[in-house]
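A, B, C, D and E label the chains in the order they appear, each numbered from 1.
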Amino acid sequence: MTPIIDVRNIRKSFGGLTVIDDCSIQVSKGSITGMIGPNGAGKSTLFNIIAGSLAPDSGEVLLNGQAITQLSANQRFHRGLLRTFQIAHEFSHLTSLENLMMVPPLQEGENLFSTWLRPGEVRRQEAEVRRRALEVLDFVGLSHVRNELAGNLSGGQKKLLELGRTMMTDAEVVLLDEIAAGVNRTLLGDLMGNIERLNRELGYTFLVIEHDMDMIGRLCDPVIVLAQGQVMMEGSIGEIQNNPEVIEAYFGSETA
Amino acid sequence: MTAPSPQRPASSATSTRHALPIRELALFGGLALVVLTVFATMGPAYSTRMLVEASCYAILALGLTIQWGYAGQFNAGIMGFVALGGFSATFFSIPVNHAFWASDLPGRLGWVLLAMVVVTAIVFGISRLDRIGVPKLLRTILAIVAGLVGYLVVISWLRSVTGDIESQVEFIGGLGLPVWLGWIVGGALAGGVGYFIGHICLGLRSDYLVIATLGIAEIIKAFLKNSDWLTRGTATISPLPWPVPDPGEVGFLTARALYLSVTVVMIAVIFFLLHRAYHAPWGRMIRAIRDNEVSAAAMGKSINRRRQEIFVFGCILMGIGGAVLTSFNGLFDPQGYLPLNHTFLVLVMVILGGPGNNLGTLFGAVLVYVIWIMSGPMALAVMHAIVALGSHWFDWQPGNLDSRALQARVFVIGLLILLVLRFAPRGLIPEKVAHHN
Amino acid sequence: MNELIYFFNYVVVAGSVTGCIYAIGAVGVTLIYSILRFAHFAHADMMTLGTLAVLLLTLAFPHAGDPLGLPTAIVMLPVAMAFTSLVAVGIDRAFYQPLRSHGVKPIVMVIASLGVTLMLQGLIRLFAGTGSQNLYVDARKEIFRIDVPGVTRPIILTEPQVILFVITIVAVVGLHLFLTRARLGKAMRAMSDNPDLARASGINTRLIITLTWVIAGSLATIAGTLLSLDVAFKPDLSFFLLLPIFAAAIVGGVGHPYGAIAGGFLVGFAETLAVFNWSVLLRPLRDSLPTWLELPSNLALVGTEYKIVVPFFILVAVLIWRPTGIFKGKVI
Amino acid sequence: DVKVGFLGGFTGGIESLTPPIFDGAKLAVQEINDQGGLLDGEKMVMPSGDTTCSDASAASNAADRLVNSEQVTAIVGALCTGATIAAANNAAIPGGVVMVSPASTAPAVTDLDDDDLVFRTVPSDAFQGEQLAKLLLSKGIEDVAVTYVNNDYGQGLDDAFTKTFEAEGGSISANLAHEDNRADYRSEIGKLSSGGSQTLVVLAYADTSGQTILRQAYESGAFTQYAGGDGMVGNALVDAVGADVLEGMIATRPGSPDVPGSDIFNDLAEKADIDPSAVFAAQSYDAAFLLALAIEKNGSADREGLSKALRDVATAPGETILPGEWEKAKKLIGEGKEINYEGASGSAEFDDNGDVPGIVVEMAVEDGKFVTKGAIDE
Amino acid sequence: MPLLEAVDVHGGYGGMNILNGVNMTIEADEIGVIVGPNGAGKSTMLKAVFGLLTITQGEIRLRGKPITNLSPHKLVEMGMGFVPQEKNIFPSLSVEENLEMGAFLKPATVSRLKAQIYEFFPPLLEKRRQPAGELSGGQRQMVAMGRALMNEPSVLLLDEPTAGLSPRYMNEIFERVKTINAAGVGVLMVEQNAKQALRIAHKGFVLAAGQNRFSDTGEALLNDPQVAKSFLGG
């Protein structure tokens, strides 16, 4: 079976410093693949390259066997590739609700002429989108701040909003960059349940960067370990936690 | 980490959400009062004129509020688009210059334009040579050399043809078509130039856009001013036809009232279209892009297309507004397009009214225009009073009184900007935050 | 040879003078931009204001410079700089400070500075009238005509031009040292990056802002005065400098003092070269040209009436080629 | 009260020229009021409007305010040609108001389709340009470089000058427009001097570009002789550039030293503390005086019939009225006699287009001052 | 006398109250940990203590002296250090300059402390000439922490210092907090890695909807099943 995401021999350097060094990874369809690695290993950079926010120096990214390296971020979105940002990128002057409502692609009302000529259709779609957005807000525990400007949310709430956005449209692959950081653990438990459900019931594929081992342990299989821009190892969480190299680089010697 | 931010539109809008729009009503009531006062003191003919001009400015301001209020693009080159619109209105509506068309000059001009196209095509072709394996450096050098030579050749031909036009037939004249055609084409022309500018500048940071547009407006003006063969340059063209009977036929008041009804209908249509668009997902998307482009791109919105679209849309309105204004003034004078009147004044209208709020923008346009017009005589009166006191007490006798008094008007506009920003940073009728319950 | 001297006088000298003025102006703009994060449109009017102060002082004490052998205006410069700085700080306190604490977007600050521009313009004209005035009161500009052997045309330099070159160098080097070495300089950059965090680090942001305005006001006074010494004082002179100065700052890479210098000279020379009549340089070849090729009398790239558009072509060209400007517009 | 409006460029390009021109008109108003006023002892008042010189919409707006709000009977002005045309086409002509411009010199005013409502007390540039050219040639100056300010004034003057100068055997090595109000004209001067002429003709304003150009031209050392049009005349220019630099500069300006009115006006002006040699001040005085006479003749403050009355009082035949002789004129008109105003700047004999025959005066800088050398012979 | 005391603090942003009467006390040798759901007002509380927020009611005292609404740079002079949750670095300054800014008021000790920080966060040493804005999420967090430590504060306010750090550095941060606390520095920190944080805490505060829900020793909160279930993730 072709992997849904196939990253081939990516290289990326910033002014002489190589950050991703001939890195290849595969994510198989329907999996929740974890990605861990020391700070500065290049995980977020790799995400940016997959999602199209950064262009690689060389190498290729394939989605469902098709090369998407030349596509822009918004075109990749339309192919079903969604992502969150490690440092929240909310629309600070839109309310939480609007932050979600603007996500669904191809809304009739986004066409200037349709807004003038087909107001009925626009309104109908809008109601539909709002319904969905309210559901998602409920889901991530933000209903009570739905009319608050996103810029005024707390740090954790912004992260939740990031997550909520990926649920606003049918995705094939969702890239999650440290959504747990700053999120209350009780709430996180619920969210993990929902991620699993999306994965099982709707067939979403997830690629998850995380430093929270509980979460990785509960959700992810397999787990890829990235270090210094290269894949150090790949395997189940158990294998990884017992690998001395990984322990040394990532967990620190005194814990495991 | 942010300092306590008093920018809390959410809550302020929440509190007045359900009540009558008292603020709006009060403000518009006040405005009506001001206008009535002007009618009473200045006479109906002059006041109607003021209203027509204010309505033309309102179209400009709506154009700016789209660009700046909706999308956060700060266009400081309004003057340029106004001038383009004005030129188009003029060119379409003034009589045909038969002397020009009867001579061999149109043909020669045509050849030069053709040569221009050919040179552009050649340079473009050379710049694509790297596709067939020519080294990039060589390509660049070739393109620059070809461009330079071609430019010098075409320019010298153009100079000779235009020189002949100026000396033989003065200028190429107009098309003698109905003026509203010129208005529409003026909008299209401004939109076209806006497209071109947007293509180059919209990828840049917002403050670069300010400078670039400021410069491009100057370029447009310099071109119109120095192309005597096309626009008569500083010699100006007047009178310009109106789409309605002009004052010479039916008197000042009637003619202006008719013109006013035309502009009011235009504004109503524009207003309706904008309202629809802004409150649809389109508006939301535009605000999202204004807020955070990286994120909007990641959410599948095509940033460049949208920014382009909105910039062009705004420019079209500016072109139309400029055309309507110029026709009304009855005179095309490239020198008359001034940053102070045609850029900064519009800016103040939008700031004061509330960027991103159409109603606020309209309000701002009318109010600021009234202030602007009345500030001249008022400044004079105040200055005279001060001097009367001054000479009474200190024997102070400044010269150039009137000139100095009118400088005060510039001061007042500046102060107005600052006061509004200080006390109503989001305008008197601020942009609304959408609420859903 | 005559042609070369001609080229030197009309391109090298003229370009350098314009370049210096643009450069000092652009440094000020860039400084404010990098610390306070907005394009300060009132800079050109601060230049005018500073010059007005110099003018008034010079009128009051026309012979103060004689003992030093310098133009009086130069002697008065420090006083005027202090005055302008004071005004700049006052404007900041009255108009920019409240907006800043409201946390408005930078573009709103830009607009506020447009408001300040108009206000200053109105005020200056209200008090200074509108005509132009020479900064050499009761004195005459010294003109150095340097004869080059074997050539009829002399090289011409004027006193203010020489002073201008010297002061430009001093100002730029000093500013650079200040910004990179001094702790306060770094604090200024920190402040521009993240004002809240700067406060949380114990940096007195008010002091920094005040200092910024003092430097900016002083630089503006210097630029305005030197320009007016070279030409004449005119209340609306500076408005025509605003655009090239901003073009220079951006072309050089906003936030980069050396970039601003480079940009200033680039724009200054571009203006000069674009309107230069190249056929003058070709004239010595006239006799050796084939007869069918007649040397056109005007080989300038653009007419002088289009000189004002040159900065913008440079701007657009540079921005397309290198969107962050020559010096990679990072902050200082 | 009878209102006669004044339109001038109080701000903008000619803001420093405007106040003395306004003073000229106000001087006339002052006198008329001192000597018994208009009609039945009504006072003449003069509301003003700012045209900004270059902004057509501001000009027509100001004119409109005078015509429709102030309800003036007639207008003195505007000054810049663009402003005059805008004001005429948009307000004065539709409103039937007579305009007398003391300063619009461009030929375009001649061709205005104006229902005989637009007049001027200043000759067209076409004439002055010719005269300047002839003057220079007559002094043996046959090779010049010319620069003119890029507006209707400069361009009109330049056209006329160049045509005549070349037609009569002179040669022009460079002819260059320059933008007003720039900081630096070195590159322009470079171009001008590249042709090698020793004489530089500057057709610009003394306050703005003209001054800077002269100073920089001197600094460049490229020229030895300077010449200019009326815009350059003003002692401020000499003070600013330096008397020794400009010594011998040649200039022209409209006006007539030989008409008796001129001396009277000079006296009057000096008494009122106004510079009589200020450009267009005398023309402005004449315009205001003429309009007052016309109103008196017309017998009411109505606009109707005023233009005919204006022609009556301005042109021969009739008893000559000189500046300052309001009482006499009023009396004569009262008696139903014909009068003919001979003004401070000329005879004000309007032709069919409302233009006056030009008299151009030669000026020169001597001992650090502009002095009048006398009219240039045709 | 307690080191830091907050009594019935009310405050918020632009008229809307977020904190509705929060009480907290920590002694000089104590670590206080604030936990709670997202949006509870934890960060707001730290900002209030640090003078970045206008307090409408209540009082905050440092060593008994009222510091309510004192400006931040005064507080820094008094020995307080703060690591915000968001925007906690100077993006265009290099890492080294970021650290120097931390010691703005104590220039003399810069080089000594800098060496310490580099030793503690080796990745920063490599990156010391790079603008901090180009760092990875975790590296930024290190810079932010390092910057606050540069001032050798006697009271340290930390807002989620371990968010985004790999387990290795997370543990080290907790160790470090313990060490500096042992050296006499009072620490008040907000944490979502609540279990680990409460393990080292002397006092724990559970904040919900801008009010104290539970306050007890860290140990007691950890073992309270209700707290664990609703706030610590079971």
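Methods note: a residue touches a chain if its C-beta (ideal position, glycine included) is under 8 Å from a C-beta of that chain, and two chains touch if they have at least 3 such contacts.
Only a predicted model underlies this, so the values are computations on that prediction, with no experimental measurement involved.
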| item | value |
| --- | --- |
| Middle chain, criterion being Cα centroid separation | B |
| Chains most often in contact, by C-beta pairs | B-C |
| Whole-Å gap separating chain C and chain D, where each centre is the average of the chain's CA atoms | 37 |
| Distance from chain E to chain B - Cα centre to Cα centre, in angstrom | 51 |
| Centre-of-Cα separation between chain E and chain A, whole angstrom | 28 |
| Distance between the centres, which are taken as Cα means, of chain B and chain A, whole angstrom | 43 |
| Touching two or more other chains - residues of chain A | 152 |
| Multi-partner residues of chain B (each touching 2 or more other chains) | 1-3, 5-8, 225-226, 399-400, 403, 407, 409-410 |
| Shared-contact residues (touching 2 or more other chains) in chain C | 129-130, 196-197, 200, 303, 305, 308 |
| Contacting residues of chain D [partner chain C, same complex] | 15-16, 150, 176-179, 181-184, 186-191, 194-195, 207-208, 211-212, 215-216, 219-221, 236, 240, 242 |
| Interface residues, chain A side, partner chain E - complex | 14, 36-41, 43-45, 86-87, 141, 145, 152-157, 160, 178, 181-189, 211-214, 250-252, 254-255 |
| Chain B contact footprint on chain D (complex, rising order) | 10-11, 15, 18-19, 22, 48-50, 52, 54-58, 60-62, 64-65, 68-69, 71, 81-82, 85-86, 89-90, 93-95, 106, 108, 150-152, 155, 177 |
| Chain B residues touching chain C - in the complex, by the definition given at the top | 1-3, 5-7, 68, 72, 74, 151-152, 156, 200-201, 203-204, 206-208, 210-212, 214-216, 218-219, 222, 225-226, 340, 344, 347, 351, 399-400, 403-404, 407-418, 421-422, 425 |
| Interface residues, chain E side, partner chain A - complex | 13, 36-40, 42-44, 85-86, 123, 127, 134-139, 141-142, 159-160, 163-172, 192-195, 229-234 |
